[in-house]
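The structure follows.
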C-alpha cells in the first residue's frame, strides 16, 4: 500500500541543516492531513493542495490575470446557451500510461455527478445535463439551463480529470493517478505525503525531484521547523505570527490579495434580525478598519462582498456599505432596546474566527448590545450554522472559481436555505439578480447583475464584510518560481531550488 | 497466573463492550454530523443525504451499533468516514509512534521519579529532600502544553540541539533518539513527579516497618537494608502508580503529539472526535483501553514476582 | 563465677516530639549475667521496649540516648561507631520482637533471611549458610526445614514465624539475647513451646537473656532475676523468688494481686487504682504515689532512693526505709506499714 | 499497643481533631507556603474588582501587546490591549470556581459510589466494573467526549472533569470504607442495631474524611490544570473569558514577540497547582497519625 | 448416653443454642465460585442460665468470636437454632429482631478500635438511646451521665473524644454502651485481653459488680484461663469450631476430661513460685478450619490419640453430672491410654 515510507526516503529532516536536504526537494507543512487524494471524493483545501500537483483540469485560472485559460482543453465553443463543445489537447497520458481523451473526461464528470458516488461536491456539476464524448478529443457538455460559470466550475479542483483505468483498479483516495507534473509515491497517513516528479510530463520539464507534504498541527511548531530548515514552505500564515516569520533570515514571505471573504452575518430567519434597524445598528457598531489593522497586513479592507479578485467586483462597492458610526449605533440600540436581549454570537474555533468574534463582541458591547460568544468545533459549527441555530455568526468563503455567482448562489440564494445558505437569507429580489447572473452567458452582462446583487446586499446590511483574505506564503529563500493564486492555490510545476 | 490472565481477558471483553457502547452512543448524541464535515460548507442537502446513506448513518442507532459490533468481532473495525481508510490500517500506522513516545516518557518518568524519590526519602527533611520534593511538585504542576512550547523554544529553536518535532526515524538511530527527547521529557515530567512522590512516601513507610528493624537487629549493612529489605517492599505501591500513570501518559499524548507534530494515535483521536469520525474514535479508544488493561495486567503479574503473598487463583 | 555480660548504668532515653522532648527512660541501671534470664516487667508504655532498643542501638529516628552507659562484655557501646555497633548486632547480641507477623520481611524467603546474619558475620558461603540454616531450623523444632527455607513468611503460622525469628537471632550464637514480649501475640499452647525453646537454648548456648514481658506468669516460669519498671523508672529488682515471695514495692504487689490465679478459686483480685501517668506528666515525689494506697506525705514530695533489702534485692520505695515484713502464712502478700 | 497509640492515649489538654491537624500542618513549611498561596488566591478572586484597575475584557486595540511594566499595565497587555494583570486576577476566580465545582461534583459521585461499593458487597462488583470502565479512558479523552456531547463551555468542563474524578475518588473511598468497615466500632454499632444508613453516614463517612480531604485538595490541583488544558485545546472557556489556559493558547501566537503573554499565565497555573499540591501533601501528612512521631 | 440436657434444679434458661453452625464460603477460581467452607463454628449446642457467666476458651481461630457474633445475628447463621427467652430468633426479620437487640449486647476486645474516633463519647452513648427510645434530649443526657457514673467515669468526660482516654477508661465506655439499654445478656469478646493487668482487674471487678446489680448473664470469650477461672461459673472449651468440653469452672480446672483442656491448663504460666507441675506439651499448630481432620478434630495434636480417633468422631456427651466432653478416652490418664 501507499502508506509506508520506502526505505530510502528516511533521510530528510529533523535537526539536520537545510543543506543536507535533497537539493531538489520542497517540504511543505500544513496543520492537518489531506483527507484523501481523489478529486471526486474530497472537498477540503489540504487535499486540494496535494491534488493540484497530481491532477489537472480542462481549464485553469491564470494566477496573475485571473483569466480562465485552457489547460488540458485546447479550446471551446458554445453552439447555443446550453451546449459547450470542448476540444482537448492531444498526446497527453496519465501517469499510469492511460491515454487522456474524451472518454476520460466523460468518465471523470459522470463519476462526480453520479449519486451512487456520493461525492461531497457533486453539486458543482449540478447544472450539467449530459456529458458526451463526440470523438477521441471532443467533449460535449449540455446544461439543464444556461449556466454562465461552467468553465469556472470546470477549473475547480474537484473537477480534475482522473484516470479511468486507475480509478477502476485502485482507490484513488489512497493511490491517485492524474496527468499532472508530480506522481504519487507514498502517504504515511497523518504524517506526510511524498510525490516525485513525473518524468513524462507533457508540459515541459519539472525542476523538483520530490515534494513532501508534512503535517504539523501546531502552527508555531511549523514556524519553528521553517526556522530550523525542517520544512521549507508554509502558506496561509496566521496574522499573529507574521512578524515572527518575516523576521526569519532564511525565509521569504509573499503576500497578495486573494478571493476569500470573511463576513459577519445574521441568522435571517430570526425575527429580531429581520428588523433593518437592528442590522443597521450592528453594521454601524463594527469598526472594520480597527479590525483589519489587527491582521498585520494579511487582510484587505472593503465593504464589498465580492472581493477585488472575484469576478463581479467593482471598485465603487468598496465603501458602499454602512459606515462605522458608533454614535448612530448607540442611538439605535437605545431607541429600540436592542441591548435588552443577549445575542448569541457563534464562532468556529479555527482560523481567524475567534479573533473576529472577540473584537466584534467588544465593539458591539461598546454600542450597548449584549453579546455572548459561543465557540464550536468545526464539525458542530457546520451543523449548527446550517440548521440556523444562532443569532449572528462569522462565515467565510474561499471562492475557488473566483466567480461572483459562485459566492451569491450557494451562500445567499433562497434555494439553499438550510444548506449552504447558512445565513438563511431569503429575498426574492436578490434571488432574481443571482439567477440572472448565473443564466446569462455574456460576461459583461453577468458582471452587471453581480454588481447589482452585491450592492443590494450591502444596502440591506445582509452581511458585514470583515475583510478579504490575503494569500500568503513563506518559503526558504532558495525556492524560486512559486506562484500562489488568489485562491491560495499553487502549483509546484515551475518551482525550482537553487 | 493463567487464571488471572483468563479472568482479565473476560473482564476486558466486557470492558470493551461497555466502552464501545459508551463511545458509540456519545458520538451519536453529540451534535455535529460526519456528513456535514465531509460535505464541507458548500454541500447541498442532496450531497449530505447521499453521503449519509453511503456511510449507513441513516439507519437506526441500534442497528448501526449491532452492525459495528458484528464486524468488530470479526476483526473488522470499519472504515474511516473521513478518509475511507480501514480503521485498523490508520491506527497501525500511528500506533508505533504513540507507543514509542509513551515508552520513552515512561522511561524518563521512572528513572527520574525513582531516583528523586529515593534520594528524598533517604535524606528525609534535608535540603536535598526539600528540593527534590519541590521539583516533584513543580513537575506535577506544570501544564505540559506550556512545558512543550518552552522546551522547543530553548532546545530546538535557540540552541538547535534537538529537532523541533516530527517522528520519522527508527528509535534505535541517533536521529530517532534525538526526536524522542523533548516530547518524552514534556510528557514524562508529570509522571516522574508522581512516581517520585509515591517512591518517597512508600520508602518512608516501609523504612518504619518492623521487618526493617529486624534486619537492622541482625546487623545488616545499611546499604542492604535499603536495597534489599526496603526497596522491594516499597516497590509495590510504586509499581501501581507506574501502571496507572501509563494510562495518564496515553491521555497526555494527545497534547504532546500535537505540540511536537508527532503522528500518533492521540492526535488521530482528537481529529476523529472533532470530525465525528465514529469508527476512528471507536477504534482508537478501544485500543487505548485495551492497552491500559494490558499494562495493568502486567503490573499485576509483576506483583506476583515482587510480593509472594499475592496469588491470583 | 557469675560473669557480667551486659551492664546498663543510669540510662536516660528521650524523644523529640511535637510536645517537646520527652523522656521515656528516666535513669535505669541493671545488669545481665551470662547464663541467666533477666525479666523486665511493667505495664504498657513504661519504657521496657525503649530500654531494650537503647541497648541494641535501634531507637526510632527521633529518639536518642541522653546519658548513661551501656557496657557489653565491659565494652562501652556508646563509644562505638554505627558500623562497629552494626557488627555487634546479630552477632554478639540479637533481638526477637513481639509481632511475629510483621517482624519478618514478607518478600524475602525464610532461607534468605536466615542466611543473612551467617553470611554477614561469619562470612560463610551461601551453601554453608544454607546447611547451617537447616540445622538452626531443626534446633528450633521446625519440621521439614529444607522445604521451609524456600517458603515465604506468610506461608507459616505465627508460632512458626516466631521460631524462625528465634533461629535468626541465634544464628551467630550471640552472648546476649533480647526478647521483647516474644510470646504476647501467641496462644498459650504455642507460648509454652516458645518459652521452653528459649530456655533450652539459653542453657545450651550459655547466653544471657533479657526477656521483656508484662505477664507475671511468664516471669515466674522463666526468670532468674526480675526488674520491675514503672513509668520509665526501675522500682524493684531482685531474684525471682524474692519478687514473688517478698515483693517490696507496692506497685509490684499490686501487679501480683491483679493477676487472677488459675489454681486458686478463692483468689480475690485487688486492682491498682488509676492509670499510668503520661511521660511528661509532672508528678512530684514518687511517681507512683497517686495510685499507691500506702502513700505517705513524704512520698508526695520526695522521690525515694533505691533501698537494698537483701542480696540482689532492691526497691525504690520509702516503705523500705523502715523494716518491711511480710505475712508468710496468707497466700496474699501485703505490707504492714 | 503501638507507640503512636500510646501517645494518643494519655489524656492531655483538650484538643479537637481539626486543631491537631492544623497544628501538624503548620509544622510543615512547604504546606504553609501552599496554604498562603491558596489563601492569597482566594483573596485575589474575591477582591478582584478592588485589586484591579482595568476591566479584564475591555479591549483597547490601540495599545495591544504592551510589554511588562508598561505604563498602567505592570504585566503588560495582550493582543487586544486587555490588561494582563486584570485577566490573571479574574482568571483566579475562574480557576477556583471551576475547580471547586468540578471537585465537589466529583466528590459527590465518587463518595456515593465508593461508599456503596465498599459497604455492600453485592454492589461492589457492579460499581467497580463501571468505575473501571471510566478509569480505562484516558482522562482528557473522556473530557473531550463529554464536551463533544455537551458543547464547549466552562460549565461543561466542570462536569467533564467531575466525571473524570469519580473513578479515582470512588476507589479511594471504597478502600477506606473497606478498612473502616472492619473496625470494631462498626461491628459495635451493628450490634447496637444501628441501621445501615446510620452506620454509613454517621460512623463511616466521618472516618473516611481524611483521605477525602486530601483527595479533594490534590484533585483541585488536577482540576485547575485540566481546565487549563481543555481551554488550551479550545474546549473550555469561551472568549473573552480570562481563563489561564485560554490565555496561554492565545498568547502562544506571540511567544516570540511578547513572551510574557504565555509565561505569566503559565506561572499562574503552575503556582496555583503547586500550592494545592503541597497543601494536599501537607494535609496528608498532618492527617496521618503515624507521622506525628517523626519530625 | 445423653446429650446436653436441662437439669430441673437449675435456674431459668436465658439462651439456648442447638447445633449452631457457621461456615464462611471460600471463593476462588476464574469465576469466583464457592470452592469450600471455613467451618468456623461446627455444631455448638449450649444453654446459658440467667445471671451466670459462661466462659468460652480456646486457641486463636477456634471460632469463639464467630460464635458470639452469630448469636447476636451479626453473622448469618448457617444452620441450627438459637432460642432467647423461649423464643427462636434465628429467622426473625430485622424489625422483629429489634427488641432482642436491646436484650443482647456485646463488649469488644480492642478498646482503641471499638469506639468511633470522631464521636464524642457523650454522643456515642446518647446515640444508643436515640436509636432505641423516644426519650427527650434532656432525659437522655441525664441517662448518659448516670451511665458514666455507673462505670466509674465522670460527668466532665461527656464531651471528650475517645483518644483522650486510656485503654481502661475506653473499655468502661464500651461497657456503659452495652448496659445502656438494660440488657439481660452481654457477650464479652476478649473484653479484657488488651488491657494491662492492673487495669484488667479493675474492669473485671466492674463487670462483676454490674452482673450482681442487674442479674446479667455473660458469654465471656477469652483465651486467658486465669481470668476465666476468676470470672466464670461455667466454661466451654472450643477447638477448631467444635465444642470439646463444658462444665463448671471447678470441674474443668480440677479434673478436666478432655486432653485438649488438660494441655491448655498445663500450658498456662503460673504467676507463683510453687513447684512446677507436670506438663503436657502440644505439638504443632491448629489445623486449617477449611480442611479439618477426620474423626476427632484434635487427633493430629493429641498426645493420647489412638487409631479410632482418626476415624470416629467422638460425641459431645455428659460424662458426669453437668460435665460434657467429646473424647473417646475422656478422663483417662495419659499413661493408661498409651498403655
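All chains are identified by letter, namely A, B, C, D and E, in their written order; residue positions are counted from 1 within each chain.
Please note the rule applied: a contact is a pair of C-beta atoms (placed from the backbone, for glycine too) under 8 Å apart; a residue touches a chain by one contact, two chains touch by 3 or more.
Chain identities (UniProt): B = Nickel import system permease protein NikB; C = ABC transporter ATP-binding protein; D = ABC transporter permease; E = Dipeptide ABC transporter ATP-binding protein.
Source: prediction; values computed, not measured.
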Checklist entry - Steps needed, at minimum, to get from chain C to chain E via touching chains? => result 1
Checklist entry - In this assembly, which chains make contact with chain A and also with chain C? => result B, D
Next on the checklist: Can you identify which chains form the pair with the largest number of contacting C-beta pairs?
Outcome noted: A-B
Next on the checklist: What's the distance between the Cα centroids of chain B and chain C, rounded to whole Å?
Outcome noted: 54
Checklist outcome for this item: chain D (ABC transporter permease) and chain E have mean C-alpha positions lying a whole-number Å distance apart equal to 49
Item to check | Inter-chain centre distance, chain A versus chain E - centres from mean C-alpha coordinates, in Å | outcome: 88
Checklist entry - So how far apart, in whole Å, are chain A and chain D (ABC transporter permease) when each is placed at the average of its C-alpha atoms? => result 46
Checklist entry - Tell me, which residues of chain C touch at least two other chains? => result 44, 60
Next on the checklist: Quick check on chain A: which residues sit in contact with 2+ other chains?
Outcome noted: 220, 377, 380
Checklist outcome for this item: Where chain B touches two or more other chains at once, the residues are 30-32, 149, 153, 208
Item to check | Of all residues in chain A, those that touch chain B in their complex | outcome: 1, 3-5, 10, 12-15, 32-33, 35-36, 41, 43-44, 115, 117-123, 126, 171, 173-174, 188-192, 214-218, 220-222, 224-225, 227-228, 230, 377-384, 386, 395, 397, 410, 416, 418-420, 422
Item to check | chain D (ABC transporter permease)-facing residues of chain E, complex | outcome: 69, 72, 74, 97-98, 101-102, 105-106, 108-110, 112-119, 127-128, 131-132, 160-161, 163-167, 169, 174, 177, 194
Checklist entry - Across the complex, what residues on chain A touch chain D (ABC transporter permease)? => result 219-220, 238, 240-241, 243-244, 247, 290, 293-294, 349, 354, 357-359, 361-362, 372-377, 380
Item to check | Complex contact set, residues of chain D (ABC transporter permease) against chain E | outcome: 1, 5, 8-12, 14, 16-17, 183-185, 187-194, 198, 202-203, 206-207, 209
Checklist outcome for this item: In their shared complex, chain D (ABC transporter permease) is touched by residues of chain C numbered 15-18, 44-45, 60-62, 277-279, 281
